[in-house]
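When the chains are written out, they are named A, B, C and D in that same order, and each has its own residue count from 1.
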């Protein structure tokens, strides 16, 4: 193989494990408001899928002392692609570990990002088959859209906070065949990168941790594919006491419609409205946003991405969300921000 | 007459005159971006209508040294209602003046709000009749939806800034038969009131001028009736250099979807998305928002209504918009705000 | 009083009773799919309200051998207006009956349309007050939007099938102060009329029964106020085996977005998307559609309103829906249609 | 190379040439209503692009005696992929021809489908670079969204009518690396196939020509990515005399929101609303629709895909659209349909 040897090796973000100190409330958030189905319970974990997720689960909630991301797994486009990615990681001196211990998935290769995020690659994935009463007449839909809450369709993407965006990005480009579709630079420093291995604007993104922390989760996103559902969801969250951070609005970066909320365990969840820009063009250049243009990049409408949370809070966090907001409320962009103890991946 | 003698006497906001120091740019804003039709030019004024406005015009743009509202006219539900309103105003010792000097409208009664806003009542209104090429197949539509910009359907409502909200509100209730559907109080002080004489959430609203000014226009609103058009408009304004203040989002107050922008002349314009709450119930009580609940009242999603403009800037303004933002940027709610010279109605 | 003495006397459609031979399935339809709340059960009836309905109920489902409309009640704008309407009906030799026997409503005046539909007028209506857990932060919303199905906001309007549209229309105009906003004529015969006593396109409509029947219900409509919810509802109905008749699309008549389905008991229910044309203009003329323009009037997009149901089926029906479709499948507009035994109001 | 040697070799549908007997009206259709930019004129052709199309053009309109598709070109994911596809076609004894004669594109490989459609593959494509006044602040957007009509974002997909669906499908699978995501069978006969080489539901589809014709275009689709824009477009087409065939509604097949119209030259154009199902799962099975389930497959809502056009009319056509409708109006599915002279690719 040649020119694009590792270009189409990763298919998509297949699953993510979230840690929660309030596992029941976190589960309720995803089932009651976002209409996800519970497919399995094991030990301190519960497994869920959205109605168009193809596998047994896309989300695992595990009880833990602190919020955060347990791990995230990308599915390769073939078993051979998985072997090739393993070889590439090994060549790059990235520590990897093969294991097979997750419900509904087979042999998995785990490793860490340069910033310490727990990542994995997997090929073997058991398809979800709905029982008769949940079968949809729409054949591409693995199960009926539930009648509960404002149901999300599927897992969408992952956004990682990192002490060094470039290092994380390089790992995805070199070993996993991702392209960087867009990035943000502040002078010489790369403070954001959006990466994909398909035509979506991003499967994985990485943003600089302005507090000096490392290895945190910024957010996990679920897909509506419809802007009105973001609007409906905002109203639902407001009335049912789920804390909204920002949105509904549309980022200039990726053109994705966003709504950010904090699930009760403390992790930031994005609801992703209308599909953003699709990168049909196979050699589309990476777009670089300068700080002078960042207003459009952040929010095309009037939405405020709050400094005291959006650019500084990720999970795990040494402070609770309320404590964090209090501590960061009086520091804006440009001011010297409180440095927090770096928090490594859990 | 009896119980509801003046309840249904005013039909709707029929027209508004805006002053602009940049009349050509203001006209372009309404024609190029909001798809309004020019129906007449006279002296320093141009008259426009949206594609579902029933009369010859709903908006008059007049060249003037400063932005502001020239006047706003409400249409009564009958000629007799106009006479009764005139009598009521006279009984209330409000100065009134009959005149007949506006294109497409007949005998008009002008008066001022308690805060000095120029208001008028009118019955005689010439219906707009489209030339054949602009006739719509949709019979309730007075003219085809234009193919230019993101066209607004019609004029919607007026929001007045006032030194004394209660006094302005009382005038609308006593003399014009408006009900107050919702209001905001800060302790004992009424700082906002939304009023209607039909089933809409508001035809006229009034908000306290936090700078101590009087008689200003907060905003004039045009109706889309569709939330997606607010989203489309935000993107358009962003890309074509029209300053967005806030939105798209939805107020809890009135449940109206908003997008606020400043037209080039300096007046704040609201684009009104999906219809808000309709007051079908003829004896629905006035809802009172306390400051403790105001977050939901202001914006159900994450939109930020900026202190330095939304609560302090109206037209006419002694400062340009940029100057105003600079002066008010460092004062938030609760802090003592700079007092500006009161600016009376122009 | 004078010119518009009975113009604003009726506020809105407050409630409707539907008969159902499958009451449990009909109830499930409204609760499970349309998110309505059950507020009371009495005998063979269950009472429901949507989350923005202001009173104790807007829908009563009563077990009966055949589908159909039990009655529909309009609320007046004042107690005096109710008295005046009673007097007008009496003057017109319409039989009326005062009674007070419905949960949550007081003294009611019942009468029949010229075609035998059971109608009523009422002023006294008990406001719904939500228990704490159902209270919304949005103050104009009497209860939280439920998390079940695609919840409708409120009852919207009524469409009556009649042997003589003009006679029914005349009753609403003469005695109830309705204006006819739009109508359809086929030569000299009025075959449809849309009527309102407020600014909505219609609170009550009437369409000709092409089978020669009388006194049937064509449909009862519930309001979403949002086109996307009609789209979401269509998908839900399709996947959960509720029979869709037509839509989502938009009528040229009223500009209302429609989705027609049959609830399991056999009554046609309309889901009403984005608000149609609002008649702000107090002297707007009645728009008359000719058969030559009817395509736009019926459906702006491509939706097919099926001859074998939409123009011929109402409730009560001497045939089941399936039988009706079979009998009428081979008769199109213009052909001589099977005459059915007239079915009077139940 | 191995398992997925030709899986990701074709990136997307880059461009299409339409023939039109009314080239000026066809051009006006795309510029006035769909907001496309003209980028070049040459001889009897005009070249256009939508505001997010990445290249110099995606649509070429060429004057010709009959409507139809001149050719359609897919862009490969690399220059090497183009060479490999050329080799595969040659191995399959498909006649190919290299040429380089289209504005803005380089070396092109032309060939025909099994049914005679003119297809091409290309790698070299000149990126469109907007002049300063058309540059968007949204960096992934190659040019500003125009203020004209309801602008489409980009070319989306192609639907071919064929005498033998299976033969056309096999060509795309064998030589171009397409997967068949969904198909429709009538007994043993494949009457529809939807194919993609990326995660979209389809870049190319093929449907059986029920008249026995061959090599026709069923439709060319342009992307809105938003359901409301389909609704807006339907209203626009209705009011500006563009013939709507069906929609807005959503196919169960692909879950794509559709609106079909005939451009003035006679070609069927689809406006594609909200993105349909995205095939994230790299080994998702082909879904097969049986005729018994086809109602959901065709239209989730109530839309009627008319037998007399949708299943029988393609371009080039030996009859004008009006003539065709007249001839086919009395033949429904299941009846023996008039056989027309097969019309080969132009």
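Keep in mind that, in the parts below, a contact is a pair of C-beta atoms (placed from the backbone, for glycine too) under 8 Å apart; a residue touches a chain by one contact, two chains touch by 3 or more.
Please read all numbers here as calculations on a predicted model, not as lab measurements.
Student: More than half overlap in residue numbers between the two sides of the subunit C-subunit D interface, or less? Answer same or different.
Tutor: same
Student: Among all other chains, pick the one whose mean CA position is farthest from the mean CA position of subunit A.
Tutor: Taking each chain's C-alpha mean as its centre, the farthest from subunit A is C.
Student: How many Å are there between the centre of subunit B and the centre of subunit D, using C-alpha atoms for each centre?
Tutor: Spacing between the chain centres: roughly 46 Å.
Student: How many angstrom lie between the centres of subunit C and subunit D, each centre taken as the mean Cα position?
Tutor: Using C-alpha averages as centres, the distance is 42 Å.
Student: Need the CA-centroid distance for the pair subunit B / subunit C, whole Å please.
Tutor: 34
Student: Scan subunit C for residues touching two or more other chains and write them down.
Tutor: 137-138, 226-228, 235, 238, 252, 296, 300
Student: Taking the touch rule as given, give the residues of subunit D at its contact with subunit A in the complex, in rising order.
Tutor: 1-4, 7-8, 11-12, 52, 54-55, 75-81, 127, 137-141, 154, 181-182, 198-201, 225-227, 252-255, 274-275, 277-282, 284, 287-289, 293, 296-297, 300
Student: Which of the residues in subunit B come into contact with subunit A in the complex?
Tutor: Listed in rising order, the residues are 227-228, 231, 234-235, 238, 244-250, 252, 259-260, 296, 300-304.
Student: Within the complex, which stretch of subunit A touches subunit C?
Tutor: For this pair, the touching residues of subunit A are 32-33, 136-138, 144-145, 147-149, 226, 228-229, 235-236, 238-240.
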